[in-house]
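In the part that follows, the structures are each spelled out as structure tokens.
Here chain A shows up in two complexes: once beside chain B, once beside chain C.
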Partner chain A sequence: MEFDLEFALEAVGPLLMAFLQVTLVVTVAGSVIAALLGLIWAVGQRELPTPIRMVLTWVLDVIRMTPLPLQLLFAVAIFISFDGYRRFPETDVETIGMILGVAVFSVHYSTYMAESYRAGIESIGRGQWEAATALSLPRIRVWRAVIIPQALRATLPSLGNWAIAMFKDTPFLLVILVPEMVAKAKQLGGASYQYTEVFTVAGLIFLAASYPTAVLMRKLEKKLVY
Partner chain B sequence: MEDVAKRFGKNTVLDGLNFTVERGERVTLIGPSGSGKTTILRLLMTLEELSGGYIYVDGDPLTYAKRGNRRVKLPNKEVTRIRKRIGMVFQQFNLFPNMTVCENIIEAPVHVLGQSKEEARAKAVDLLDQVGLRDKIDAHPSSLSGGQQQRVAIARALAMEPEILLLDEVTSALDPELVGDVLEVLREVARETDITMLLVTHEMQFAQDVSHRVLMFDEGRVIEEAKPEVMFNNPEHERTKQFLQAIL
Partner chain C sequence: MSDLFQAVTDYSPYLWEGVQVTLALSGGGAVVALVVAVTLGLCAISPFVVLRVGSRVVVEFFRGTSLVVQLFFLFYVFPLFGIDLPGMWCGIIGLGLNYGAYGSEVVRGSLNAVAKVQWESTTALSMSWSMAVRRVIWPQAWGLMLPGLNNLMVMLVKGTAVALLIGLHDLTYWVEVMRKDPEVGLWIAYGVGFLLYYLVALGCSSGLRLLERRAQRRLGLAPSKTRTTRATAEAVA
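Now for the complex of A and B:
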């Protein structure tokens, strides 16, 4: 079997298109929302009254310990066609798929990010909390001005790694028929049974995007040390 | 302090402790490690939960109040209202490393006392002049020596205009050659202001120079109490003699 270079080059355009329109959008939106949610969970786990905190911890564990593709299918079942009927016949399926995709990816990865934040928060010495108490700073101010900025420094590299992991998980979107890059590659290859070329191109696009990001994160990590 | 008790688990650090510090008085607490002197400062700063008894600041209960013969915990708001009158300087400085020197100093005046940033910064400049670090106003704590960091921490505590200042072994973490500057700053504070001070220190000369009274602690109790000249030169209690001999 030969590698059809011409066919591969032809696939670059449409695959790049799918990459920009779906993969990148889901990754960027998902990472930002997951980073915010993760912070909320982590702070909640320190500030909420015990019973609520226990429920939160349990829910986060459940989400972290079930597979992402299953969660995607589950979300579709609930929000699109629980009983065979489409809930939002007016909106097109791709848009709903994208929204659900971003939502599920955000929530799923927020549970991991919460753990990273937690480690970052725990790495801050007791003296910082005590100094804040001695100055009578309001609790919200202690979080905003003292704890979160310092925790973020310790957490940022690990958040970056979760974002890259999320990026590499985007092909799972094909289980809910969102036309992301790998699904597109499968479709292009299927027309002529030439899968090697298209999957190679898709793989290279992934690599070209995630490798520089990983290097950048490593540099950032070094810069963030006090 | 009235009948103050502090237990960590089964370990009783303070039990039935009573003492009073007058307004404007400077009192040094001495004693072997584990005798409870730092715990007293931490209880006053509300960094530790009071296990028993009451602490009053100017007649107002700090964390627990007597209601009839019940001991009730005061709400946070009430505690904060009184705690604002107390400042503390720590052994490990505990400056906020993510803020500049100026930001460290104005953080509480702006967000607790409600001063404007300009007003607070002007005061910060004055305070930094006082501690000899005016040129470091926009530096980050990590670029300062331990002695400089501790002087910034003193300025930060003073920026809240406390009526009571707690100094917890403020020179213990410093290299010997940096101790002098910090103590000089504190001597000046003692000379120029009428802030009530409670100090825990091993710098006996300094304690003698600034304090009106010295309390010797052992196993959570005050075993001897005297003016510094008397305490350091002519202590009564055998335990005090031993302790002073060991550290001088």
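Now for the complex of A and C:
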């Protein structure tokens, strides 16, 4: 079995295309929504009345501790049970898969990000809360102008790291038949059983995208957190 | 309610089979991951440059390329070179290597977090490197690394759902089968599925938490959750 370099180079184009059109789109949209949702959960866990808070914490725990592929299949099954494909006839199946993918990825990772925010919020000194109370700032303003800006500093690198983790989980979209990069690689390789080349290229693209970002996050972490 | 009861009794043998596959992948994966994590973590702090650089490269490689890609390498590419592993072993080795690489970062971080004076005192006692690690450094680092390893264990249990992609009949597979049965339906099938995964993950996590409590009590440490969250995010990125 030889490594067919020509075939590998031919695969780079379509794989990069799938990478840009699906993997990257899902990752970016998913991380932004997850970061917003995570913040809402974290603030909610401090502000909501105890019974609701306990329910929220439990729900977040369940989402965090159950597998992404199962959640993706669940989302698709709900969509089908509401007859979604017939309600949106003009949208193609792949786009619907991507939208559901973004929804599931963002909810799943928001539960991790909520933990990061929580840690960031806890790291803020009691004096800040007391000062805000002394100035009798409205509660919303306390969060927006005092707590969140400071908490974000300690949280940002951690959010970035979860975004990278999400990026590497995007091949799970395979289970709901979204044509992301690894699915594309499998399809290209399957035609002639030349799996070595396509999966090597796919792996290298992942490495080339995630390693520099991870190094950047480590630098950011040193600068912001310590 | 009776629907739920009926569905669970009808499908309990299949669900049990699925849970067994998931547990086997989790347990096997965890053992491989622990061996990989400890080996690479110790290499990362060893006095030899070759081992340090080597472990760095291996760790970055397995962290940087996705779990699914690695699994497909084991499942689709290795047979082309004459190494034909059964699906179960692909899953265990793939999960073990991937989460082992993440774990090695936790191990390395914990070993480095042991106070410098501890190393200095082992030098003063003229202990060899291996004796210093075994008798002084490791016992202290163990308590520090358990919270991080615990988080990774939960991620590994969730990671076992990739088994679906290499044709194993794990819990996810049987939940899908149940869902397609019109007599069971979507909500019951997935409700049961999520609950079972939650219980498996919770079981593993609670077991490790007991170990962690014991280790930290012996070291006289207070449990700290804040640092763990950040460390885990760092390790998996």
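Here is the rule we go by: the second predicted complex is superposed on the first by the 214 of 226 C-alpha atoms of A that agree within 3 Å, B and C clash if a C-alpha of one lies under 4 Å from a C-alpha of the other, contacts with A are read in each partner's own complex, and residues count from 1 in each chain.
In this text, a contact is a pair of C-beta atoms (placed from the backbone, for glycine too) under 8 Å apart; a residue touches a chain by one contact, two chains touch by 3 or more.
As the structure is a computational prediction, the values presented were derived from the model and not from experiment.
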| item | value |
| --- | --- |
| First (chain B), second (chain C), both or neither touched by A:Tyr195 | second |
| Partner chain(s) touched by A:Leu135 [first = chain B, second = chain C, both, neither] | first |
| Partner chain(s) touched by A:Val146 [first = chain B, second = chain C, both, neither] | first |
| Contacts of A:Gly127 with chain B and chain C, given as first, second, both or neither | first |
| Partner with the higher number of touched chain A residues, chain C or chain B | C |
| Which superposed partner A:Ala77 touches (first chain B, second chain C, both, neither) | second |
| Contact set on chain A toward chain B in their complex | 125, 127-128, 130-131, 133-138, 141, 145-146, 149-150, 153, 226 |
| Partner chain A, residues of chain B touching it in the complex | 45-47, 80, 83-84, 86-88, 90, 92, 94-99, 107-108, 111-112, 142, 156-157, 160 |
| Of chain A, residues touching chain C in the complex | 1, 61-62, 64-70, 73-74, 77-78, 81, 112, 115-116, 118-119, 122-123, 157-158, 160-162, 164-165, 168-172, 174-175, 182, 185-186, 189, 193, 195-196, 199, 202-204, 206-207, 210-211, 213-214, 217-218, 221, 225 |
| Chain A partner contacts - residues on chain C that touch it in the complex | 60-61, 63-70, 72-73, 76-77, 80-81, 154, 157-162, 164-165, 171-172, 175-176, 179, 186, 190, 193-194, 197-198, 201-202, 205, 225-226, 229-230, 233-234, 236-237 |
